[in-house]
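Going by the order they are written in, the chains are A, B, C and D; count residues from 1 in each one.
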Amino acid sequence: MVALSFGWASAQDESVTDEAGLPHPVAFPPAPPRDLAAADFVDNNDAGDKIELTWVLSPDDGAEEANVAGYYLWRSESPGARGDTLAFVGAGTTDFVDDTAVPGVPYYYSVTATDGTSLSDDATFGPVSGRRNWFTVSRLAVLVLAGIFFALVLTFTRLAERGAKLFVRRIPGLNAIEEAVGRATEMGRPVLYVPGIGEIDNIMTIASLTILSHVARITARYETPLIVPTARAVVMSAAEEVVKEAYAAEGKPDAYNPDNIRYLSDAQFAFAGAVNGIMLRERPAANLYLGAFWAESLLLAETGFEAGAIQVAGTAMVSQLPFFVTACDYTLLGEELYAASAYLSREPKLLGGLKGSDWMKIVTIALMAIGIIMSIAGADAFVEWFHTN
Amino acid sequence: MSWLQEFFTGAPGTTTAVVWGTWVGALLTLCIYSFLYKDNPFYKFAESLFVGIGAAYWLAILYHNTLKPKLFVALFPGDSGEPVLWYRVFPGILAIFMLLRFFPKLSWLSRWALAFIVGMYAAVNLTGFAQADFVEQIYATMTTPLTGGGVLSFILNLSAVVGVVAVLLYFFFSKEHKGAMGVAAKIGILYLMVAFGASFGYTVMGRVSLLIGRMTFLLRDWLHVID
Amino acid sequence: MARGFNIRSIDRRIIFVLIFVAVAIPLIKPMGLPIGVSPPVQSLYDAVDALPPGTIVMLGGDYSPDSMPELQPMTIAFLRHAFKKDLRVVITCLWPASPPLIEAALTPLVEEFGKEYGVDYVNLGYMTGGPVTILGMGNSITGTFPRDYYGTPVGEIPLMDEVSNLSDVALVMEVSAGTPGTREWVQQAVSRFDVRLGSGTTAVGAPNFYPYVSSGQLIGLLGGLKGAAEYETLVGAPADATKGMDAQSIVHALIVFFILFGNVVYFVSKRSAAVADGRSRS
Amino acid sequence: MRREIPLAITFLIGVFMLVDFFVPHTAVTTSADELKQWGIIVIAASILLGIGNLVRVHSKKIARRNEGWGYSIITLTVMAVMLWLGLWPGAHLGPNEMIGTVEQGTPFNWMFLFMQVPLQSTMFSLLAFFIASAAYRAFRLRSAEASLLLIAAIIVMLGRVPLGQLLTRNLPEHAQLPWITETIMAYPNMAAFRGILMGAALGVMAMGLRIILGIERSYLGGEK
């Protein structure tokens, strides 16, 4: 009882079936479906075992009389025979994927319409066989767009290595940082720089250390104390190196105070509590929070605000940005943090990535504009090319 | 060890294990909340428990659920009837290399293991982001339903397209934010602020929910004030 | 504080007490505010509801105790829905702390609906690897999870005979607290293997995932405790999430009040400080 | 050689996994599938490494009598107990291995459910208090942008709870807070996050490229 096993039981009581469990062709069968086509189906895990069948509905499908209940699909290894039942699909269906094919074996497919009691003539197609494919064509867009982007990134990286002047606009956040440090100098109070609680391999931490180097050079110049609390031992030693180097570069190695680069605690809230203690005791006039922050962002920014310090923050942790924006004087949003570090360091790999992303965004915007117009104009082939699954 | 068996026996929810457990849980909860008054030894005690149990728990379940079936049983199935996967020797060696980090003379070998997973994750993330978060998002923007949905739907959908473009331009660093670019960036920042506002509201909601969860535990499971 | 007392630097412990009270009272004396259902929750519910009995679905439990108050109600509501509809459930966890939390959710439900382990549902336990593990399941679930949470080889579990890879699963419900979670499932399963994915996430994560809802990469989204309460309402079994909604409402109102009042006090005192400060800037 | 071999491993694995994304042929997929299983095993080893580090840090703290070393003793002690319960075959009572449910009587699970669960979930519920305090003391309408942010936040905070629904239930549909909230989430919020997502995707892709090509080597650590 093939029909039953597909949950199609309404007509089953009246149907006349042969040994194979299929309805006999009796009087007025529905008109047959047309134009059966079968082709190797390529998917993301293609082992050559899938063949996709498509056909055009029987003219009676959906018509008032002789309504079609569904279609039987058969697969055979020799022409002219229906072979084994492959599946029964409901009315209105025009495609089916046979995922039980053996790669390389030629198959002949047939499809017939049924009204529940009788079968139409066959529409047939064959031979066709499943192939192990070498490329998932639907993913071409990913390959092409990633290829364009990588070409841009590598070109700009090469240009930067050769010393070409690549323009990157100055991030307003950097001005805010410098103003804050200047203000602390004016007031004769220290600057507090928190490089987040990320590990040393976190790209936000790395970007933060670049900016720390810039800040340290300014504080070295003005001989303003710079306090750097850290939550990771490795970040502390990296910060020590960065600050010491900056003081040496400014010709003030003696002004460098190693006691101001501190490891406080690995535990999130304990760290926040300890930094808050520094804010209340040593009263820095400028608090800079740049790097990877989690829930402690809120505790730091609140205490700093209460203590009346100028606060500048920057992070790519989206869920923490709202708190920084509302409690700090200036906030570097997401990519601005990386851009600021590329701008300051002029490191080719960072500049190449930044410039490559920039121009890829322009390509993207252009593609989206064309796509929207095409989509409204009904040019689906163009738009569907970007549909990759 | 019969006392231990007895500890766990009884109707669900009423065993000695559960009754005592609830008390232990409640006291530890209060230890953490004492931080609200100020940092203190009770909080520090609770925190150090948390770190120790968490690490050991992870290690144990890592052994039972990952390492044992994937590595040890694959290599030495014993009488479990599962096939021997001899080639799992290679990741086994890499895993040992990884742990050589603890021995300064051999720690350079741990880089081989690190290089293996860094390379794999770099590629898996690359294709994942490229497909799902880049190309698919371009496709979704292209197919924004601008037509056939009435005036309100048109305005809202158009505003979404404008927002995507403006935010992309806000994070464009190769040109000063002046002129047309300045206008686009201004629009971009408006969208970002609304989104951060939504994020803010949701974050508040999440934190409050956690407190409600703990309060439910204290009032219901421990004190039985509510049901 | 150093500035001397004013209403701005009110001891924060007073605020803490107010919050405590605002949570406790509605829990003790519930008001039963009505719960409206938002479109992303409705569409997820409809997708699950439309599945015929016997269909195999997957539950990805990827959270730890710190987000349990928000996410455990989602797990329970989804499992209840699935068991009620006689769907069969395969559970996988990418977070180490999830399997016992899922077990805690399962125990009473299994009893209530009389479900049999290994036939109606299976808990495959924890597997490290995040995105790589999801990718592995796209090719072979049994190869990626060779044993279940209790150490039984999957070959001995009847339900797993019918599940070879993600394409044998009609729908995946991912309950996610972070990474690895919803984003990795979208990247590695939805885009790559055309899996139908619905997700419940913490409130902190939810706004990030609206692009996936809009693009259809997610068929639905439950955001935070409210999302869980909405699903509970649809399933017709109000539980912890629904009970928490009154307290949630009151605390939100209180926090909105704090923001508004705090700003008023701030700007008024800043103006008067500016007047007093006119001659001598500190 | 100590640098070249790791760079070569990263390159080969990276390229092979990229090829796996585009090529469905079994010549690639069969070995790629097994490689993923290897990746899972090696990742597990890296977690062991992290836990080992934790033990080392605390042992050092105790050995040097650093501030708070007493707490390190507590950490290591409960860790040892929990490990014994979880790994030592004689320590369990449950029918299945050492893990399992409380009903099955495993002390390992008891410690998880009644110690780890309350500790971890309470830790983050502290934030509800901190957020309330910051709401009063630090969230300011300091600029047009911050004001827009806070207004959106207030709408969402009220619109996502039953109270907002109750307050505006008599207004026309498009003036009700839940509708406004869902509209904010589904349009401007969605648009901004899509823009952020696409930018972040480019960042991850560029980083992946640099790692696979060996331009980015910071993960290999010091040794100049």
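By definition in this document, contacts are C-beta pairs under 8 Å (C-beta built on N, C-alpha and C of every residue); 3 or more make two chains touch, one makes a residue touch a chain.
As the structure is a prediction and not an experimental result, all values here were calculated from the model.
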The chain pair with the larger count of contacting C-beta pairs, comparing A-C against C-D, is C-D
Greatest separation from chain B - chain, by CA centre:
A
Roughly how far is chain A from chain C, centre to centre by C-alpha average, rounded to an integer in Å?
21
Centroid spacing, where centroids are CA-atom means, of chain A and chain B in whole angstrom:
16
Inter-centroid spacing, chain C versus chain B (mean Cα positions, whole Å)
12
Give me the residues of chain C that touch two or more other chains.
9, 16, 19, 23, 66-69, 97, 99, 107, 127-128, 132, 135, 139, 149, 151, 190-192, 204, 207-208, 211, 214, 223-224, 226, 248, 251-252, 255
Among the residues of chain B, which ones contact at least 2 other chains?
12, 35-36, 44, 47, 51, 57-58, 61-62, 64, 66, 70, 120-121, 124-127, 129-131, 133-134, 136-141, 160-161, 164-165, 168, 171, 192-193, 195-200, 202-205, 208, 210-211, 213-214
Shared-interface residues of chain A (touching two or more other chains) are 43-45, 139, 142, 146, 269, 306, 318-319, 322-323, 325-326, 334-335, 361, 364, 388-389
Chain contact graph, described as a line, ring, star, complete graph or other shape:
complete
For the chain B and chain A complex, residues of the former touching the latter
35, 39, 44, 47, 51, 126-127, 130-131, 134-136, 138-139, 141-144, 146-147, 161, 164-165, 168-169, 171-177, 192-193, 196-197, 199-200, 203
With touch defined as at the start, can you tell me which chain A residues reach chain C in the complex?
7, 43-45, 306, 308, 318-319, 388-389
For the complex, which residues does chain A have touching chain D?
42-48, 132-136, 139, 142-143, 146, 149-150, 153-154, 157, 201, 203, 206, 233, 266, 269, 295, 298-299, 301-302, 305-306, 316, 318, 322-323, 325-327, 329, 334-335, 338, 349, 352-353, 356-357, 360-361, 364
Contacting residues of chain C [partner chain D, same complex]:
8-10, 12, 15-16, 18-20, 23, 33-36, 38-39, 64-69, 97, 99-101, 103-104, 107, 127-130, 132-133, 135-136, 139-140, 143-144, 149-152, 192, 207-208, 210-211, 213-214, 223-224, 226, 245-246, 248-256, 258-263, 266
Enumerate the contact residues on chain D facing chain C in the complex.
21, 29, 33, 36-37, 39-40, 43-44, 47, 96-97, 99-101, 103, 109, 112-113, 116-121, 123-125, 128-129, 131-133, 135-141, 150, 153-154, 157-158, 160-166, 178, 182, 185-186, 189-190, 193-194, 197
